[in-house]
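As written, the chains take the letters A, B, C and D, and residue 1 is the first residue of each chain.
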Amino acid sequence: MDGLSIRDLRVVFDGFVAVGGVDLDVSPGDVRFLIGPNGAGKTTLVDAVTGLVKASGSVRFGERELLGTEVHRIARLGVGRTFQTAAVFENLTVLQNLDIAAGTGRGAWTMIRRRRGIPENVQEALETIGLTGQLDQAAGTLAHGQKQWLEIGMLLVQDAKLLLLDEPVAGMSHDERDATGELIGKVSRDRTVVVIEHDMDFLRRFAQTVTVLHAGRVLSEGTVAQVQADPKVQEVYMGTKEA
Amino acid sequence: MKWRAAAGFALGAVVLFGVAPAVLSDFRLSLLAKYLCFALVAVGIGLAWGRGGLLTLGQGVFFGLGGYAMAMHLKLADAGEGNLPDFMELYGQLDALPWWWRPFANPVFALAATVLLPMLVALALGTLIFRRRVRGAYFAILSQALAAAMVILLIGQQGTTGGTNGLTDIEGFFGYDLDDPVNQRMVYFIIAACLLGLLALVRQLMHSRYGELLVAVRDSEERVRFLGYNPATVKLVAYVAAAGMAGLAGALFVPAVGIISPALIGIVPSIEFVIGVAIGGRATLLGPVLGAVAVAYAKTTLSERFPGAWIYLQGALFVIVIAVLPGGLASLARLLRRQPHGRLEHP
Amino acid sequence: MTVVASQLFTGISIGAVLLLIALGLALTFGQMGVINMAHGEFIMAGAYTTFVLQSAITDAGVSLLVAIPVAFAVAGAMGVLLEFLLIRRLYARPLDTLLVTWGVSLLLQQLARDIFGAPNVQTRAPEVLTGNTRIAGDLTMANNRLFILGLVVLAVAALTVALRLTSFGRRIRAVVQNRDLAAVSGVPTARIDRLTFFIGSGLAGIAGVALTLLGPIGPTMGTNIIIDAFLVVVVGGIGHLRGSVIVAFVLGVLQSSVEYLTTLSVAKVAVFVAIVAFLQWRPQGAFTLRTRSLA
Amino acid sequence: MSTIRGRVAVLCAALAVALVLPGCGSKTGETTSTGVTIDVSGDTIKVGLLNSLSGTMAISEVTVRDAIVLAIEEINAAGGVLGKKIQPISEDGASDWPTFAEKAEKLIKENRVGAVFGCWTSASRKAVKPVFEENKSLLFYPVQYEGLEQSPYIFYTGATTNQQIVPGLDYLKAQGKKSVYLVGSDYVFPRTANKIIKAYAAANGMTVLGEDYAPLGSTEFGTIVNKVKAAKADAVFNTLNGDSNVAFFKEYKSAGLTAATMPVISVSIAEEEVKSIGTQYLAGQLTAWNYYQTTTGSANDKFVKAYKAKFGADKPTSDPMEAAYVSVYLWKAMVEKAKSFEVEKVKGASDGITFQAPEGLVTIDGATQHIHKTARIGKIGDDGLITEVWNSGGPVKPDPYLKAYPWASGLS
């Protein structure tokens, strides 16, 4: 298992500083929650780590420098992410979605042939995310929560060692949140997980560590209790008691 | 489903090899041969556009490359060893064959070139374009500009390409006299066999893991990238395959019709290839084939009776089918049968 | 020296014609992302408007000046009709818009053929626009090209002012930048779309008037030039006019210089190669991604 | 699945092989075709009209079709050919060369026509030529062309190069023009014509100062006109086709070039084209043809009157139309001399047949299947009509390969 190590990360759009010098360490096996008000740079930080936006500084996953690497190569290094709006292939079935996610290492010969049966890792992932029954259903017809789980499942079969989840429980029912939280717990046993989340109740229940971002910088870091006690955090989240 | 596919192929074989030659006159059969060439192009467009989302408005270029490669060989064979093709003596004022014509005297090289040359050009252009994430409408317009540039290039080199005339008056096909109706029939059978074979291949490709990945790229290129694939490569395969099919079609068109000219390559013919695909159903296997044949047939018969009406009809087809029925007639059939299994097929 | 100067002027005026054609596209394609292949037929409509007006107003100069606003209105109205009937249903499917409008362009061409006949029609230009102006020594500049250059400068200036300073312009830019947000903020996006289309198509009509001074007026006049104009917008980039302006003039000068040294065929191919090469350096196809959602 | 599919594939392959192998016909060189028999049953004889009725070439070709229809109606009104009325079957070549070939085949094989009249561009003629040769059927081609061709199944009723281009050069030479600039569309006719012009110039002390080609349909002539102007030639020889002429002449005038200082002699601008370019730009420029609407003679008066009565008073008549009109009458005369519609007999009867055409007396030269025509240089007037300023004095014998001209020995 590898950890994530970010040094002096900066992202600038047309003069606007979205991320301004972030240092962040996520140790192997951690479940790190990133919180912060809108515009704090949470998603931009994940975008920079996954190669979607240009950034300066250094992002290391294990021994590998990620900045300057192409998106698909970063993914192949074991960095996987989800999106706020679940990005699954709606015209494909659950099985096809997972099979594609599992297939980056396949050779040309395997690619031009049909899939026979269900690959072992896909079967495991199906059980982990609880979609065994929806195997042949088009992903577009899944319930909102199921789509998010499918996306996480895709990260599992992709063999991602670092999972970056962008608001995985937004819009979910209470039961779905619980299930998602347990899922995160399950997958974090042999993976490093970073979660962007607004839901404080969810955070309190499932976060191991928390980083608070504000205006493109790290405001506070520590366990849930430490962060909650930090006066700077309370100041930023003016009046919002939960923080 | 499996028996249906098998039955479909068997039925297609019976129609193409049994019924059509029995009921059609030599002339109409040779027209059908021409339509089937267009259908070959359509299968490729169906793959690239319907499944891969690559609206290529320049398939005429690849059709032309295949056609010219074949025609160059046949012209050289007609002329006999050591002689220049007739048009070159007339317009070229050349003493010797240009160096780039010479390899085409070899039948093996020429046959290979009909398919490989278009694929190579597609590979080079596709690499440049997809690598820089040029896509969607940008790709469509660039592919169209390619067709325009290719025509200008061919026409400008009249002495060695035949200019606007193209390469005409092709008499023989690997030793067989193309004037003979029996040999024309043989050419038809070869084309029909190629179409069936190619359909089987493309069906395999569409149902393969690659086929699924291609749809995924079409629907969300970025998501595929985050899974660790390079979408440029995925698209390149479909584009190159479609180019190869168009090249094969062009090569077969030459013995069937006896001419290849810039008139078959430019912007207008290239976009006409697309309309059949759209009408038949862009993302299905058979839709493009039936659409292309239907459009070509309608063009022949309608223009025999009402020349102006064909243009109105063609324009109306573009507007109505694409605006109202983007899945083509294939989706209409499915709507009627109320079978909601067209997941891969709705873009 | 004279040759270099007059070639430079030719290049600039080719660029001006390109830009005049591309300006409407820069608005509809560049700002709205709609690929309207019937744009060339709106140009044709502008040219035929000039022709019709000339049979009503015999004076060539007056009819030309009258034709400019009338052609703007005629082509603009056709654009609005097209937007209303077809394009607004297809905003989510840009490639399909391309094919649908191609069909529309076929229909319009055949319609023109049936109304005005297949042969080209002629308009008379005011005598002053068929002459030239002496600059120095042997160096002259054609008056019709100077007129078009002026027209382009005027059109670009008017459009820039409209986009930058008027409330209409602000709304267009708001819609371009974030359609949903603009809609929520009370911008009537449907009306703005239609208005944008009206202006973009109207500019095609003006281009049509200008083209009567240079070339043939016939049913297929639009198709020959439209691809070049699209390339200008593709390379110029979306969202702002500046790119199109620069690219039009660069391509014009490039084409005329290469043509002077070789042939027009080589020049056309050279332009295509230059564009592919340029896209390697600056791919415009990679628009800014919406990072929160890929759907 | 794969086994089923495999079996289907094998089945298809087997079927293909089974059908193809015994299907192999004659090898190249063994002539087998005997041609298609003409349909002479019934009281009509069918002929094909093969012209572009749509697409870019429709502009010109529709008028040719109209002229052919006029001739057919006149002949039918006078009793037809060998007692049969002529039944025209019109096909649209759609400005697309392969379509021409397809339609030609249809006319010959399905309609079994006696002869086909039409085609305009060299490309369309080249596309149909093998079709007519292979089926041993007749085509009458009515447009001036680049020569260097002599198909046994084509009759050429338009001018070949020594009846149009060479007289045009003779005229320029007589006018004391020492240098020319060549401007043409990029296709076979201009390139071949210019080759002939260069050979002529070399032998006659003329200088060719430049040679430029524009793609067909091109409407951007700024650079070419700049080059022409800088060259300061005595005259311009123009082989541009169609739309390009409009743009060229507008640019030409804008550059300050005039018929007085640097005349342009054109070989593709007839009365119809003058109408669409405008006399504002063309007045005073020269053309080389064999016929003008203003050509004198009772045959032409009758032709012009009949044409305008049928198609409209504002419709001009032009050289290709006249040549097409004449071609029908020539075919009729050949059939009547042969007393048969059979192609070989009709061909055999062709030599020496004469006809009092609107352009004057024309005679078929059986050896080349071209016709003797009078060459005429015309000047475009302010009224849009072209008036003759010079003619060859009498019909010129067709010489498609320019064998009688020593300077042209290296050309073919």
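One rule holds for everything that comes next: a residue touches a chain if its C-beta (ideal position, glycine included) is under 8 Å from a C-beta of that chain, and two chains touch if they have at least 3 such contacts.
In UniProt terms, the chains line up like this: A = ABC transporter ATP-binding protein; B = Urea ABC transporter permease subunit UrtC; C = Branched-chain amino acid ABC transporter permease; D = Urea ABC transporter substrate-binding protein.
Every value quoted in this text rests on a predicted model; they were computed, and no experiment measured them.
Asks: Can you name the chain that lies farthest from chain C, using the mean of each chain's Cα atoms as its centre?
Replies: A
Asks: Based on C-beta pairs in contact, work out which chain pair has the most and send it over.
Replies: B-D
Asks: How many Å are there between the centre of chain B and the centre of chain D, using C-alpha atoms for each centre?
Replies: Whole-Å distance between the two chain centres: 32.
Asks: Averaging over Cα atoms per chain, report the distance between chain A and chain D in Å.
Replies: Measuring from centre to centre gives 72 Å for this pair.
Asks: Would you mind pulling out the distance in Å between where the CA atoms of chain C average out and where those of chain D do?
Replies: 37
Asks: Where in chain C do residues touch at least two different other chains?
Replies: Only 113, 263, 265, 268, 289, 294-295 qualify.
Asks: Mind pulling the residue numbers of chain B that touch at least two other chains?
Replies: In chain B, 152, 155-156, 204, 220, 222-223, 308, 311 touch at least two other chains.
Asks: Please list all residues of chain A that touch 2 or more other chains.
Replies: In chain A, the residues touching two or more other chains are 83, 87, 90, 114.
Asks: Can you list the chain D residues touching chain C in their complex?
Replies: Spelled out, the residues of chain D in touch with chain C are 56, 58-59, 62, 186, 212-215, 217-220, 222-224, 226-227, 230, 243, 246-247, 250-251, 253-256, 272, 275-278, 280-281.
Asks: Could you pull out which chain B residues touch chain C in their complex?
Replies: 53, 55, 125, 128-129, 131-142, 144-146, 148-149, 152-153, 155-156, 220, 222-223, 267, 271, 274-275, 278, 308, 311-312, 314-319, 322-323, 326
Asks: Which stretch or stretches of chain C touch chain D in the complex?
Replies: Counting only chain C, the residues touching chain D are 2-3, 6-7, 10, 13-14, 17, 113, 118-125, 130-132, 140, 142-145, 213-218, 220-221, 224-225, 256, 259-260, 263-265, 268.
Asks: In the complex formed with chain B, which residues of chain C make contact?
Replies: Residues 29, 33, 35, 86, 89-90, 93-96, 98-100, 102-107, 109-110, 113-114, 223, 227, 230-231, 234, 263, 265-266, 268-269, 272, 275-276, 279-280, 283-286, 289, 294-295.
Asks: Under the stated contact criterion, what part of chain B meets chain D in this complex?
Replies: 2-3, 5-6, 9-10, 13, 17, 21, 25-27, 30-31, 34, 78, 90-91, 93, 152, 155-156, 158, 163-166, 168-172, 175-177, 179-183, 185-186, 189-190, 192-193, 196-197, 200, 204, 257-259, 261, 263-264, 300, 303-304, 307-308, 310-311
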